[in-house]
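One chain, chain A, appears in both complexes that follow, with chain B as partner in the first and chain C in the second.
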Partner chain A sequence: MASSEQSPAPLQHRSLCSRVILLARKIRSDVASLLESYVERQGLDRTISLDSVDGVPAAAMEQGGELTVAERLDANLQAYRAFQVLLGEVLEEQRSHLTPLDTDFHASIQSVLLQVVALACQLGELLALLGHGRPAWEAASPEDPGHRSLFEMKLRGLKVLQELAHWTVRSVRDLRQVAKHSQGSGAAHGGQAQKE
Partner chain B sequence: MPYQNPAPQAAATKRSSPVRDCSLIFLFFFFAADPAVISPQDPTLVIGSSLIAACSVNSDLHLKAEDLYWTLNGRRLPPESYKVLNGTTLSVALANLNGSRQQSGDNLVCHSRDGSILAGSCLYVGLPPEKPVNITCWSKNMKDLTCKWAPGTEGETYLHTNYTLKYKLRWYGRDNTCQEYRTAGQYSCHIPKDLALFTPYEIWVEASNRLGVAVSEVVMLDILDVVTTDPPADVTVSRVGDLEDQLSVRWSSPPALKDFLFQAKYQIQYRVEDSSEWKVVDDVGNQTSCRLAGLRPGTVYFVQVRCNPFGIYGSKKAGIWSDWSNPTAASTPRSDRLPGVCDPKSGEHNTTLRRELKQFFGWVKKHAYGCSNLSIKLYDQWRVWLQKSHKTRNQVGEGCSAAGRAGAGGHIWLRGYCLWKLGCAFVLGAARR
Partner chain C sequence: FSWEVSCLRNDKSQPTLIPLTPQILNLSADFSTYTLYLKWNDSGSVFQHELDASWQIQILYKETMETINYDSKLTGKDSILFWNWTSDIPLECTSYYVKIRCYINELYFTGRKEWSEWSPVRTVPEKDTKPNSAMVFPQDKVVLVGSNVTFCCLYNEGKSVKFMNYGSESYPLLRLSKWSSAIKVQNVNASIPSGTNILCSLVPDDLEGTVLFVGYAPDTPQNLNCETRTFITITCSWNPGRPTALYTKRQTKYILFERISREKVTCKVDELNEKHHCDFPVHANQKIYNFTLGASNPLGQAESSLLIDVNQRVHLETPDKFTVSTNSSTNAHLSWYIPGNFIKIRLLCQIEISNSNSERQLNVSMAGAENSNYRARVDALHPYGTYTFRVRCSASEYFWRWSKWSEGKKLTTLEAPPARGPDIWRQRSPVGETLTVFWKPLLLSEANGIILSHEVSCYLRERMLKAYEVPVPLNSTEIKLGGNDCLISVTAKNRAGSSPPSKITSVDLPSDNVKTELAIATGNGIYISWHSDPNVTCGYTLKWCISSGSEPCSVDWEMFPSNAIDAVIKSALFQPGVRYNFSLYGCKHNGYQLLQNITGYMKELPPKVAPNFTVEETSSDSILVKWEDIPVEDCQGFLKGYILYFAKGEKGSSKTSFMEEGSPELTVKNITDLTKKSLRILDLQGKTSYRLDLRAYTVGGIGPSKDLYVVTKENSVGLIIAILIPVAVAVVLGVVTSILCYQKREWIKETFYPDIPNPENSKALQFQKNICEGNTALKTLEMNPCTPNSVEVVETRSTVLKIEDTEIISPVADSELPEDGSDPGTGSHVVVSYCPPIIDEEISSPPIDEPVGSSQVIYIDIQSMYQPQVNPEEEPEINFVTTAGYKPQMQLPINTMKMESHAPTEEDLDKTAGYRPQANTNVWKLDSPDSPVSIQSNNENGSFGSPCSINSRQFLIPPKDYEDSPTPNNTGWSFTHFFQNKPND
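Let's turn to the complex of A and B:
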């Protein structure tokens, strides 16, 4: 575990934080356009109630102020890892069942998926750089969509994109906190127990 | 929402039997975890069909059928179309259905009074596929085969329709299925390799969607009869000396078929820089050079060449033109003599004029010696002589004879213009004296 006095780690993680923030903003912007085309292609309304759809990580925090840096980053990392799987399912359902001919649309989903993979990777790097270690991850095998009706697939895809958009907003806020904290303390690594 | 489709896929119902269609009410079952179940779930129907769908609410929710309502693609369906089947089940009747609004199916949704979604079903409404028609195929350089087709006279089926191109050698061999459907655009397939020459193929297309299958007529073709090639290579366009109305075009045979193109035909098209209208020279034959004549002086021309590799291995078919080569540009030399203006003092072209004037005087000496009455008639005779001599000089390559003929008249006019004026002045002056 490096310390701030002996290495440029703070600089490194500030720079990494900035990159994560930039990527999160880019994903946010891409997901916004993707949502537009998604609702149009599925014949859905953006305001449709999605309460019945579960299994998608919610961005809303009940105790946001009480999380440590490590907990914040870990929550983000877990969420994007989950979105990696969920977006893969959404893409497969669109290709196989819902919009098989719409390759441009599939390419847009694929593009967001790749960015989410990159974001998860950067968050893992950041956690490691701050000395928290990269949480192990065994990719959950995608759920068998055979039991879902086509309408459920549509709703689930919409929920995944909406929550992903919310998560990118939360990530920007969280990463700003992380950057501020590390600036204030000189080094955030080793501060697993620090409360904000 | 982990529940299984409770009802089998709805059978397609025909426009011709609406009464029977209306009687379709499906049985339904659901798991306790699901708030409600719609049946039929995700049915496929023919345009014009009618459907009765039912939404059955889980009794644990303590909702009554009267608390429910339906939407189709987000629009609330009128209560007159509802029917309470029992305390927890509400049906809706849909008549004369239109084609699905989106590829992913129309959304028929059952809501509770507060707007929450209890269940949804995607309706696929469309037409069975028609026989694909107009199958045309071409082989690039005898190495592959690409075929295109039209989806049928009506075209739109409103349903995802799969097209499969199949082929086999005519007298033996088994059915093969083409795999690459995106290479040449929609309704096309590309077979990249393993094709036989000298044996005809049978080719056909099968169209299928949720409502049925349709097979095209079988097309028979020999690869050698549908060969096309790359555009000619190394196209160069250059000036022909100082001739301001001509350009020379040269090119190489398409390399891939260079050794087979004994009877190939070429076409040239050219246009001026500020026009989008191409002029085609289509009698180039199988030469690899051509001279364009009758062009405007001091003008940039774009030139393209294409090849028709017909007659390969003795094929009697017409052949398929390649794409045009990329445009190559060149300009004709600028003419220093502006129409209607002739300044004997100006510029170096006077040397040419002087030479030609000298030629005229020489001609006058020879043909009008002793004739004191010089007149315009004499000058006209000289012009005829001059035209004849220019015609001989301006003969262009045989392959471009049409262009050469077209250009000859204009060319003579351009070259003769100032001289004519000078000669005219001289002759008239002499006549006055």
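Let's turn to the complex of A and C:
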């Protein structure tokens, strides 16, 4: 009985981590196919340089080895919240300016957007489960696309999808680390920030 | 300060007119259209009168300069002049510098006239000079398909353009300035919905771009149609025509403008919908509407117009809330709702009434109302009928279009009593005690509801004796008459009531001499005719009974008026090929009388089976065939006759029918006399197999066949004659031959068996000897020096008989006896004696290359069997192996050659061991100088049994010893040569 009382938190961590990993993989798969249709519909090349596009969270970790579990999860959460906004913008730009009649394409973006929202929710849950509490939603108001040229919209959309794909890879890696950590710490409160 | 003062300068010799330097009031640019707008004051007030003025405007851009001349008139007062100029590249791409100068063409001025000074330079916004960030122009521009477009890329100092792409294609760069490069794209194609990308890749790494939308100006709206559905709005619809390939902000915008009310409506169209719609409000006091639909997009505009009278363009909405109800058996009430205000018009509504077997429309005109329910009543429906109703409406006065049909509603009217009494018939039992009453169920249209039962009553002088209530589905009942006839009455009953009664008397009148007639099949019915009977006053009844399987047959009947004399009876139960029996009754004032029986088919078919037939009797030239009747049920029609086919044929030789074979000897006999049951076939051949085929036929065709094979008996007289004649001929021939042979026996003996002369008694030899003494050249038979030599012929073959040249045949070899007593039975060991020829050198010396032909002695019997057959090339081995016996010299060189070429082993040589010439031919020639030499031998000198040299044609007469040889080597030859030798041989 004692063991059964102690085990639920790590089990929940692991279960939630698994679900987050599964969802991240699913998003990655969907984004991969979405990218194909995106470049085709925008007349772009996947090898195009997107360095000039800013405002999209980059998945590359400069100090990845030094982040705590909470920092990792928080970075993921913030990124997906940002993608939630960015994808919404991309969808609206496509509907209003670029591909107004392509409803199937819009549905694909919408589908990825909903999955990103779900992933952000799960990450928030995981953070709460680990005792960090959900970080406040810093709802960055979407940028006014009025000043943006159509070409910038196209590049920005491509960058959003590419970085989202990268983020899903990073999330899978991060969530594995989190799962490993929660397994190692056993019944200890996962909420304690630990340097990895 | 005036123009004149300032412009006139007194030069040394003559005055010069130099206008004052003009000033540019304003220079503005429209970047979307690449146009510069210039504004300046002509300062015309300087001059008191009208003057021609010329202006020169210089535009410097792209490190080049363009000068444009512009003429105007000075009117004596200041005027603001405007001028615009459109660039071929986006204005953002480079700086534009503009200056202007003036020239006054004063005709009365005799001095020198010069241009003014250039005005100060004005510059358009300098977008290319030190831009904040790289940019590509034009931004998000829309152009027509086929346009030529120049794109420029502006970049910061220190950067350079790596490439510029239009779509995926790279274009050569045109340098505009040190911060600007451009590409020129000719004849652009329609772009994808998101536009065509133009990329500018910079060094160091940077990328800028823009999007170009290429499409078409809007097409003229097609099939513009305006109509009202509610009298609240007028809905105009149209087809947009050719797609523009432009979407969202760039898509075609439509404005519906009504000229009379001068009201316009911006139409919101769904690009996904092929047909576009736009609503315009109906004005209270306006009937006529003059619409113009304008279509515009960034590339152009088009319009389409339509004038309508709204009262004539009413297309009502689909009737809604449609209900049907009834409270009677023959009518229904309908109600429906149409949205809209139709107070000013009348409506025409069409009600469709349909049931399972009919459909009709009913038009109803009614006054229009506002958002109201409309009602209608439908009469003349059938009781207990199930109908489906639906309704549609239009304007009554000016028909334009029907609305869509409302949904269908089903209704069943109430029941009513059956419209009539059922058809009835009755049938007395054979004894007459009971009467079975039959009735036919009423049709649905006559029953007016669900028939629950039938009431059968028996009346005697209008007094009901008995009554029976027979529930459905029974359609007959039995009444016991008890010796009394009565009037039968039958009524059908449903929930609404009873039908009128149907009546029939039970009285059967006696009938005499009732005949049975044949009916005619019509294919879908049975045609029956009868003779009119004047005593029949209340019609005829034709009754029949159709049996199906084991159930008792169901009685059916049909009634006809008294004047009818024929009828075609049709029934769904009639089947082709089935015989039906009918009884015709006449209705007389005192009862029914059977008048006639009729048999018939609905459709006659060929007989189902072949007639069963047998051969009763057979002779050498006739066959008697007998057959049996086909059962009625197998006839499938009235039998018309039989067809007998017969022809020669063996059993099992052919399974195909006569028709298929098309036998030339086929005989056909058509037997139309149905009473005839046998047939004798005459004029047949004896001991011959015949195939018989008998078929029955009806009007429907010929039935299947049945085959029989019969062999006729032998004709004995003919056989005897056939034997006796050849025997008699043979005997006569034998007798005649014998007589002839007897009479000619001497001649036969001389011809075939002449006496053999004794050579010792021949004087010819003496004669020859004398000749030989006198002439040494003729040494034909020089007997004395001739020393007989012996040649042992090891093997001879019967093929000697194949030799055809009878002149060189020598039978002697075959008749020789073996010298050494070896087995004579083999016939392969013969000793031949000969005299080696003495060959005169002058005559017989042959060329060296023909040693064999000149010197050898050929034993014709033996050689001749080898010479034609020798083919060393074809059968070399056979020659080596099988020619173990005698080898003639003539063959030697050949064999020698073979032996050399094949290099046979010693064993091979042993196998070929046999006769070998004792010496070579040259030796023979030298060693036999004494041999008789025959230069001119003659066949007259020939002698049987002597081998002969071909060269000399001299017979080599065997020694005396051999003549008496008791055993001829080959006895068979003599008969053969008997026929081959000529009589003079």
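Keep in mind that, in the parts below, the second predicted complex is superposed on the first by the 182 of 196 C-alpha atoms of A that agree within 3 Å, B and C clash if a C-alpha of one lies under 4 Å from a C-alpha of the other, contacts with A are read in each partner's own complex, and residues count from 1 in each chain.
Heads up, the rule we're going with is that a contact is a pair of C-beta atoms (placed from the backbone, for glycine too) under 8 Å apart; a residue touches a chain by one contact, two chains touch by 3 or more.
Remember, it's a predicted structure, so these values are computed and weren't measured experimentally.
J.: Check whether A:Asp51 is in contact with chain B, with chain C, with both or with neither, and answer first, second, both or neither.
T.: Both partners.
J.: Answer with first, second, both or neither: which of chain B and chain C does A:Asp102 touch in the superposed model?
T.: Touch status of A:Asp102: both partners.
J.: Is A:Gln42 touching the first partner chain B, the second partner chain C, both, or neither of them?
T.: In the superposition, A:Gln42 touches chain B and chain C alike.
J.: Looking at A:His147, would you say it contacts chain B, chain C, both, or neither? Reply first, second, both or neither.
T.: So A:His147 only meets chain B here.
J.: Just to be sure I follow: which residues of chain A are touched by chain B in one complex and then by chain C in the other one?
T.: Dual-contact residues (chain A): 41-45, 48-49, 51-52, 98-102, 149-151, 154-155.
J.: Residue numbers of chain A touching chain B in their complex, please.
T.: On the chain A side, the touching residues are 40-45, 48-49, 51-54, 98-103, 147-152, 154-155.
J.: Contact residues on chain B for chain A in the complex?
T.: Listed in rising order, the residues of chain B that touch chain A are 1-5, 35, 41-42, 73-74, 101-107, 109, 115-122, 160, 182.
J.: Using the touch rule from the top, collect the residues of chain C that touch chain A in their complex.
T.: 136, 139-140, 167-168, 192-199, 201, 205-211, 247-249, 251, 271-272
J.: So in the complex, which bits of chain A are touching chain C?
T.: So the residues of chain A in touch with chain C come to 41-45, 48-52, 96-102, 149-151, 154-155.
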